[in-house]
Every structure is written in structure tokens, then in C-alpha cells.
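Several structures are given next for inspection.
The same subunit A turns up in both complexes below, where it pairs with subunit B and then with subunit C.
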Partner chain A sequence: MALLDVANVSIQFGGLKAVSDFNLALEQGELVAIIGPNGAGKTTAFNMITGLYKPTTGDIRLNGESLVGLRPNEFTARGIARTFQNIRLFNEMTVLDNLKAALTLQAKYSLREALLRTRKFLKIEDEIEDRAIEILKILRLDAKIDILAKNLPYGEQRRLEIARALATNPRILLLDEPVAGMNPNEIEEIIRLIAEIRESFKLTILLIEHHMNVVMTIADRIKVLDFGQTIAEGAPDEIQNNPKVIEAYLGRRGRK
Partner chain B sequence: MRLIKANKVYIIMILSYLLLETLNRLGILNSYLLQIIMLAGINIIMTISLNLVNGFTGQFSIGHAGFMGVGAYSSAVVTTVFFHTSSWPVYFQVPIFLVSLIVGGMVAGLIGFLIGLPSLRLKGDYLAIVTLGFGELLRASIRLIDYVGGPRGLAGIPKYTNLFWVFLFTILSIYAARNFVNSSFGRACISIRENEVASEAMGIDTTKYKIISFTFASFMAGVAGGLFGHLLMFLQPDTFSFLKSIDYLVFLYAGGMSSISGSILGAGILTAVPEFLRFLANWRIVIYGVLLVLLMLKQPEGFYGGKEFGFLKIVRQDKKVRTEKAS
Partner chain C sequence: METFLQLLIYGLQLGSIYALIALGYTMVYGIIGLINFAHGDFLMVGAFVALFAVTLFGLGFVPALLISMIITGLLGVSIERIAYKPLRKRPRLSALITAIGVSIVLENFPRALPFIGPAPRPFPQMIPMVKFNVLGVSTNSVQLIMIALSVLLMVMLQIIVTKTQIGRKMRAVSLDKDAASLMGINVNSVISVTFFIGASLAAAGGIFYASTYPMIDVYMGIVLGLKAFIAAVLGGIGNIPGAMVGGIIMGIAEIFATSINSDLGYGIGFVILIFILLVRPAGIMGKFTIEKV
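Moving on, here comes the complex of A and B:
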């Protein structure tokens, strides 16, 4: 059985069918990329898989358990974490506190214990801080611990988004355009980081990306969307030569 | 010497209390000044609790005086109507007073919870209107309860609130707020303010944390109300109208959002200033208004926005330890 099974999912906004009959079976450890022109419904599909939108029809199952109708935080608690295309950090919080906020699920103490700062509270807080620093180290942000998130350079903000998602201890990580707006050096670093965290956290990754080099390098499998429909699916080299994909991106050759 | 340094803050607190108390006992502090100091303390508790909702959690509530009213009445009912404490032996009176404060806090907290449940789904100005509505609803409901005097008010409340209790509860509130903010509860609330969508995506049950902060703030407002009733010895429902809620908003903004120190300064200074401007007679409120406008224009972040006094900061591990861990 697949780890994540998205079956015949569709969503309609008013008269617009943004995504129709989306199917996806993610196996443990896979890295799958979703590509497609702007407005193809990639982020909408992401929003359904993370609970932000409720699909009009279809089912989303994680290890056989249906998630449709749950709130986004419940999706995360069950092991699906994400980053955002338009960065959504906690700007006025420090890098460390961004991570600690994402570790809230691990803070298993009561309000009373927090107000009295009991020994148990202090112990858990220490564990949270250690865990946060550990993750920041992997994402090479440990030197920036006390900086406000909004004051980080762009590339580091993207990395902090990934770090924060990892802090929720996910089994599946969804990355929405992780290299958008980055320079070639930064892109190379992110590719390396994704490979590294995939290995060390035993992650299954689903990513949206426009940058073809990145997709072709790291994806095991690619899914192509256009106007909400899946138009192709397969290994990177199959996709590269698929005439339907070329048409979606470049348009049909005109006739003389 | 080291012991003194480590406990500097506590020593300063105790000394400043002793100083005020001595001045009071010697009769140098007249009852008028004493009253202002005690009101300032109560206003500090109110402003800090409002800060938890409006400042730290980023929800716009403008009905906070309603919870103060509920707390004031509940607490006064316990001592005055229910127990008639003034006819009891003296050593029973204070414990009952303390219990009544907790009762006031709990009733206000319960009502805060019930109001928060449906309202906190709304955001921004919509939430503001709903909290305004509920605040007025609470005040108007008290007017209808004959048991507590209805619109005539509740008289004959014994004066239990003194400098010591105000001082103690103000310090307790400051520490409670500090510990709340510096825990996963506080971080969850701040993350909601910063970006609610991302907060949810990090597994945070945003509704739950909004309700926790709202209920906790209502509880504190209820306790402050209890102190207020036993200070004025008379309660009237219209005291807790939305105008009073606006006062607390002003204290909050003038002090600085999301700063406990700011709330202390804002409520403390703005409670005192209009009183010290009394020599201006009719011009008093005009000057007060002008001062507020100037403050907001010259220093929009308030007296102490975004900063905290040293003793309100919590440094869990010093930087050296952290860097060692990081490297």
C-alpha cells in the first residue's frame, strides 16, 4: 500500500474546476515532482494534500486513514508538512523561536506547569531548544539563531521554511517551489540539502518546481499538470520527450 | 553580595513596597495618592491581560471591561451578598476575600471561554465588533439582575483591597504573563499573530490557542475586577462600558504592543497623568488628549514597544552554551 494515496481528487471554486481527477500514490522514500505551467493547479493540489482546501470530491489517505475534512494542523500532526511558495515565516520571531513554534506539538506540558515553570516544563523546554538547534544546524542556520526571521536574506528564509517544516517531524514533506528566485549557487546548495534531509529524516518528498534542471536531477517521478488535468506522468527522461508536455509549455506548432 | 545580585529584582520589589507602605503608615501618602497607586496597579493587570489577546495573539478585542465587570460583580457577590463577610470574625474575612477574587476570575474566565468559542473564528475588525457587542451585552445583563442591585448598583462592599494585595496581584500577573509568553503557549499565540496559515501548517491548533489566551486574559481581568470592587466599595454596571475598554486599549497602545513592560508603563503613567493634570481644571482632558496624540506621532511603538525590562526576559541557555552546541 502506498504511504499517501490521493484518489480522484477534484476541487471546484464556483464554476471553475481548478483541479480535476488528481491521482497520486506516493511510496515511502520517493521523491515526486509536480510541474506544469502557471495556473495549472499545482499549488491547489498541494493545498488539498495539506488540508488547506477541502476537495469537492475524492479521497486522501495516509497509511489507509482518510484525511478529508480534517483541519490543516491535524494533517501536520499526522506527518504531512509543507513549505510555502510565497514565504510565510513568523517574521517578528527569531530564527530559533520560529523553530520552537513549529515544535509546539512536542511541548507536552500543561498551562499550569508552564506558568509555574516546573522542573518537567524546564526539561521539555530544554529538549525543544536542543532539537531546534539540531535542525538549524542541518540547514546551516545555526549561526543565525537570534536574528529575526524577517531580517534573513532571501535564500536563508527559504531554508528556514524547510527547517521549520522539518521540526514538525513529518513523514511526507511538500516543498512548494523551494528554489524560486535563487541564484545557481544557492540552487546547488538546496539540491544538496534536499538530498541530505531526505536521507537523514527518511522523508518522502513531493515538490513543485519550475526549474527544470532541479526537477530532472532529483525527481524519481514527475507528474505534469495543465489546466487542472494530469497530462503526463513518468520518469524524468520520459517526460522530457513527451509531446503533450512540450505542447503545454510551448504551445502547438502553427501550420503554414 | 552574589545573593543580592541574583535576587536584585525581588529585593527592589520588596523595598519599593516597604517604602510605599511606610509612607502610607506615616501619613505622608494621602489617601488620594494611595488610591491612584492602587488603581494604577489594577489597570496594569487589565492592560497586561488585554496585551495577551491584542498584542501577543494579534486578535483585536475591544470589550475587555466587560470581563472586569463580571469579575467585580462575582467577587463582590461572594463577600457582600452571599457571605456578608463584614459580620464575620476578622480572621475569616481576608481568606473569603481571596477566594472571592479567584471566583471573580473563574466566572470571568468561563464567560470569556464561552464568548471566545464562537467569536474567535472571526478576524480583525469583525472580531472587534463582536467583542464590543459581547462587552456591552455583559454590562447590560448585569443591569437586569436585581439580585446585585440592577442599574442602581451594588453598595456596601467591604474595603478589603489595600496596597499589599494590589502589589501582590500585580506582581503575580506580571510573572504569569511573562511565563505564559515564554512557553509553547506564548510562542503558539505569537505565531498565530505572525501568520495564521503557517501556524496551522506547523500543526498548531490555532482555535485552541486563541481560546486559551482569551480565557486566560478574561480570568486576569476578572481578578482585577474583584480588586476594583473591593477598592471602590460600590459597583455600578455602567462603569464597565466600552469607554472603559477603550481606556485599556489606549494604555496598551501607549505602552507598546506585545511588551509586558510597555503595559506596566502605559497603564502606570496614563493612570497618573490625568490626575496630576487636575490643576488645569477644564483643560485637563484636552491636554491629556494632546499628549496622547503627540506620543503616537512621535513614538508610534509606544513607551516600550517590542522591548522588555531585563527581569521580564528569560534567557534559557546563555549564548555561549548555545554556540557550543551549534558548533
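Moving on, here comes the complex of A and C:
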């Protein structure tokens, strides 16, 4: 059985069918990329897989359990985490607090315990701090813990988004254009980091990316969307030579 | 000089009450973008709960205060669940009008109850009154304890917001609800906690006010709530330290203006509000954000 099974999922906004009959079976440990032109429905698919949108039809199963109708935080609690295409950090909070806020599963104490500063409260707060710093170290942000998220340079904001998603302790990580707007050096670093966290956190990764070099380097499998439909799926070298994919990206060659 | 100090201590006391109430306005605004017009009525509920806790159950000041804060806090949570939550994704005006409706209910339902009614009630003296004279300034135990307790509550709130997990979640939710939710934060429960804290601080404010001006009635929250709201706007609505500073400024300004002329005292808050809106519309500590086009 697949870890994540997205079956015949469609969503409609008014008259517009943004995604239709989306199918995806993610196996444990896989790295799958979704590509496609702008407006193809990639982010909409992400929004459904993370619970932000409820699909009009279809089912999303994680380890056999249907998630449709749950709230986004319940998706997260079951092990699905994500980053955003247009970075959405908690801008007015420090790097460390961004991480801590996402460590929700670890932080189980009541308001009363916090007010009385019980031993349990102090212990959990220590654990949260240690865990947050541990993750920030992996993403090489541990020197910046007291900086407000909004004041980080762009590339570091992208890394902080990944760190924050990791703090939720995911099994599946969804990355929405993780290298958008980065320079070649930064891209290389992100590719290394993704490989590193995939290994150390035993992650299954689903990513949206426009940058073909990145996709071809790291993806085990690629899925191509256009106008909400899946037009191709397969290993990177198959996709590269698929005429339908070339057409979606470059347009049909005019007949003479 | 002595008069100045004398007025200052009265101003501080009134100001700390305004600050406690202003905190609820500012926290709720910060987290769901709603001006909760029913907030002023929470302080009235708090004062009445304390009144009954003392007169019917013979409780002392501290238990009465705690029970009143808890009950009023739970009332705040229920009102959010019943009246505001269903409107969360609707235009803001709907929730605002609902808040006015809730306020009318909170004032007039107790008014219709036989054991509360419209007539003002004397509020019991719960702390023994001991008068002091320090440097020619006369003060008393009630005044000092009220100021100390207000400061204590504000420090506790500041610790909750900045140093605990629930505080981090509150800040995260106020910054970006969807992102917070996707990081595993239960937005509904965070909003409930915010209402609980806001309403219970208002209850404390109501009790402190009633301990100083010991006559309470069902409409006591209107003017007091309005002034606390001005304090929240003055400090920068949505900003917690701003509400504290705004409250203190309002209290001191009102007492000083009253010493010149009692009508002036009543109006000074509105003068300050107009002035602030003209000069610094985002408030003293608020950030002026430019809408992106």
C-alpha cells in the first residue's frame, strides 16, 4: 500500500475545474516532482493534499486513513508538512520562535502549568528549544536564531520555511518551488539540503518546481500537469522526451 | 508637587484598569481582526460575578477574583464560539454588528433578571482600607493593591505571550492563520484561549474599578469599555504593550483633566483619540502599514 494515496481528486471553483482527476500514489521514501506551466493546478493540488482546500470529489488517504474533511492542522498532525511558493513565514517573530511555534506536537502543557512554571513546563520548554536549535543547525540557520524572520535574506527565508516544516515532524514533506528566485550557488545548496534531510528524517518528498535541472537531478518520478489534467508521468528521462510535455511547455509547432 | 504626585497615583490606578480592559480589545483585534464591542460588558459581568461570590458565598477577595476571571473568561469563549466563529469567513462588518448585538444582550439580559435588575448595587469592600501618607501624598491599601495586581497581571500576560508555547501560537495565528494551521496549530483553540484571557483580564479590570468606585450596574461597561477602547487605539490596536501604555496615558490624562474641570475629564479621552487619529493613525506603538497595490 502506498504511504499517500490521492485518488481521482478534483476541485471546482465556481465554473472553473482547477484540478481534475488527480491521482498520485507516493511510496515511502520516494521523491516525486510535479511540473507544469503556470496555472496548471500544481499549487491547488498541494492545497488539497495539505487540507487547505477540500476536494469536490475524490479521496486522499494517508496509510489507508481518509483525510478529506479534516482541518489543515489535523493533516499536519498526521505527518504532512509543507512550504509555500510565496514564502509565508511568521515575519514578526524570531527565527527560533518560528520553529518553536511549529513544534506543536511536542509542546503539551496547559496554560495553568505555564503560569505556575511547573517542572513539566520548564522541561518541555527546554526540549522545544533543543529540538528547534537541532533542526536549525541542519538547515545552517543556528547563527540567526534571534533575528526576525522578515529580516533574513531571501535564500535563508526559504531554508527557514523548510526548517519550520520539519519541526512539525512530518513523514511527507511538500515543497512548493523551493529554489524559486535563487542563484545557482543557493540552488546547489538546497539540492544538497533536500538530499540530506530526506535521508536523516526518512522523508517522502513531493515537490513542485519549475527549475528543470533541479527536477531532473533529484526526482525519482515526475508528474506533469496542464490545465488541471495529468498529461504525463514517469521517470525523468521519459518525461524529458515526451512530446506532450514538450508541447505543453513550448507550444505546438506551427504546421507549414 | 504634592498635588501632582497625588493626581499621578490616582491616574496610575485608573490607567491600570483601562490597560487591563484595553488588552482584551487589542488581543482579539490582533488575532481575528474584530473590534469586540461586547468586551466592555465583560467587565460588568466580572464585577457582578465577584459581587455574588462575596455576598452569596462569602468568599474573600482573591478567590472571588479568580472565580470571576474564570467564569467571565469562559463566557468570552462561549460568545466567540456561538456568535463570532460562524461569521469568521464573512465580511468583517457582519461580525462587528454581531458584537454590538452581543453587547446589547449582555447589558439587558441581566437587567431583566430579578436578582440583578437595573438599579445600581453597592460593591462590597473586600480589602481592608488602610490609609497611608507618604511624602504628603495620601494613598491607601486598596489603591496600592489594585495597582500592584494590575501590574502583576500584565507581567503575566507578557510572559505568556512572549515565553510560552500558547503565546507563540497566538502570535503565529495573528500573523498568518493558514500558515499557522498548516504548521499543526489548532487555530480555533488558540482563538478560544485569546478570548478567555481577554475576558478574564476585563473581569479583573471590572472588579478593580468596582473596588475603587463601589457602585455597579449593568451599564457600567459602556463608558469604561469605550475609554479602554480608546486606550487600545491610542497604543496601537493589536499591539499588547501599546494597550498597556495607552491605558496608563488615558488614566493619567483623565485624572489630571478632571482636577481642572470634571466635564473636561470625561471628554479628554475623545480629545486624545481625535488627536492620535490625526497625528499617528496607527497609534503610539502601532506600525503604519502601507497597503500593497
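Rule of thumb we're sticking to: the second predicted complex is superposed on the first by the 256 of 256 C-alpha atoms of A that agree within 3 Å, B and C clash if a C-alpha of one lies under 4 Å from a C-alpha of the other, contacts with A are read in each partner's own complex, and residues count from 1 in each chain.
Note that contacts are C-beta pairs under 8 Å (C-beta built on N, C-alpha and C of every residue); 3 or more make two chains touch, one makes a residue touch a chain.
In this text the structure is predicted, and so the values were computed from the model without any measurement.
Chemist: Should the superposition on subunit A be reported as showing a clash between subunit B and subunit C, or a fit?
Modeler: clash
Chemist: After superposition on the shared chain, which partner residues are touched by A:D126: those of subunit B (first), subunit C (second), both, or neither?
Modeler: first
Chemist: With the two complexes superposed on chain A, say which partner A:D142 touches: subunit B (first), subunit C (second), both, or neither.
Modeler: first
Chemist: Quick one: classify A:A101 as touching subunit B (first), subunit C (second), both or neither.
Modeler: It touches subunit B and subunit C both.
Chemist: Does subunit B (first) or subunit C (second) touch A:P72, or do both, or does neither?
Modeler: It touches subunit B and subunit C both.
Chemist: Would you sort A:L115 into first (subunit B), second (subunit C), both or neither based on which partner it touches?
Modeler: A:L115: touches subunit B and subunit C.
Chemist: Residue overlap on subunit A between the subunit B contact set and the subunit C contact set?
Modeler: 50, 52, 71-73, 76-77, 81-82, 84, 88-93, 97, 100-105, 107, 109, 111, 114-115, 121, 125, 128, 164-165, 167-168
Chemist: Give the list of subunit C residues in touch with subunit A in this complex.
Modeler: Contacts found on subunit C: 156, 160, 163-166, 168-169, 171-172, 175-176, 178-187, 193.
Chemist: Please give the residue numbers of subunit A that touch subunit B in the complex, ascending.
Modeler: Residue positions touching the partner: 50, 52, 71-73, 76-77, 81-82, 84, 88-93, 97, 100-105, 107, 109, 111, 114-117, 121, 125-126, 128-130, 133, 136-137, 142-143, 145-146, 164-165, 167-168.
Chemist: Give every residue of subunit A touching subunit C within the complex, in rising order.
Modeler: Residues in contact with subunit C: 50-52, 71-73, 75-77, 81-82, 84, 88-93, 97, 100-105, 107, 109, 111, 114-115, 121, 124-125, 128, 164-165, 167-168.
Chemist: Could you pull out which subunit B residues touch subunit A in their complex?
Modeler: So the residues of subunit B touching subunit A come out as 176, 179-180, 183-185, 187-188, 190-191, 194-195, 197-206, 212, 216, 316-317, 319, 322, 325-327.
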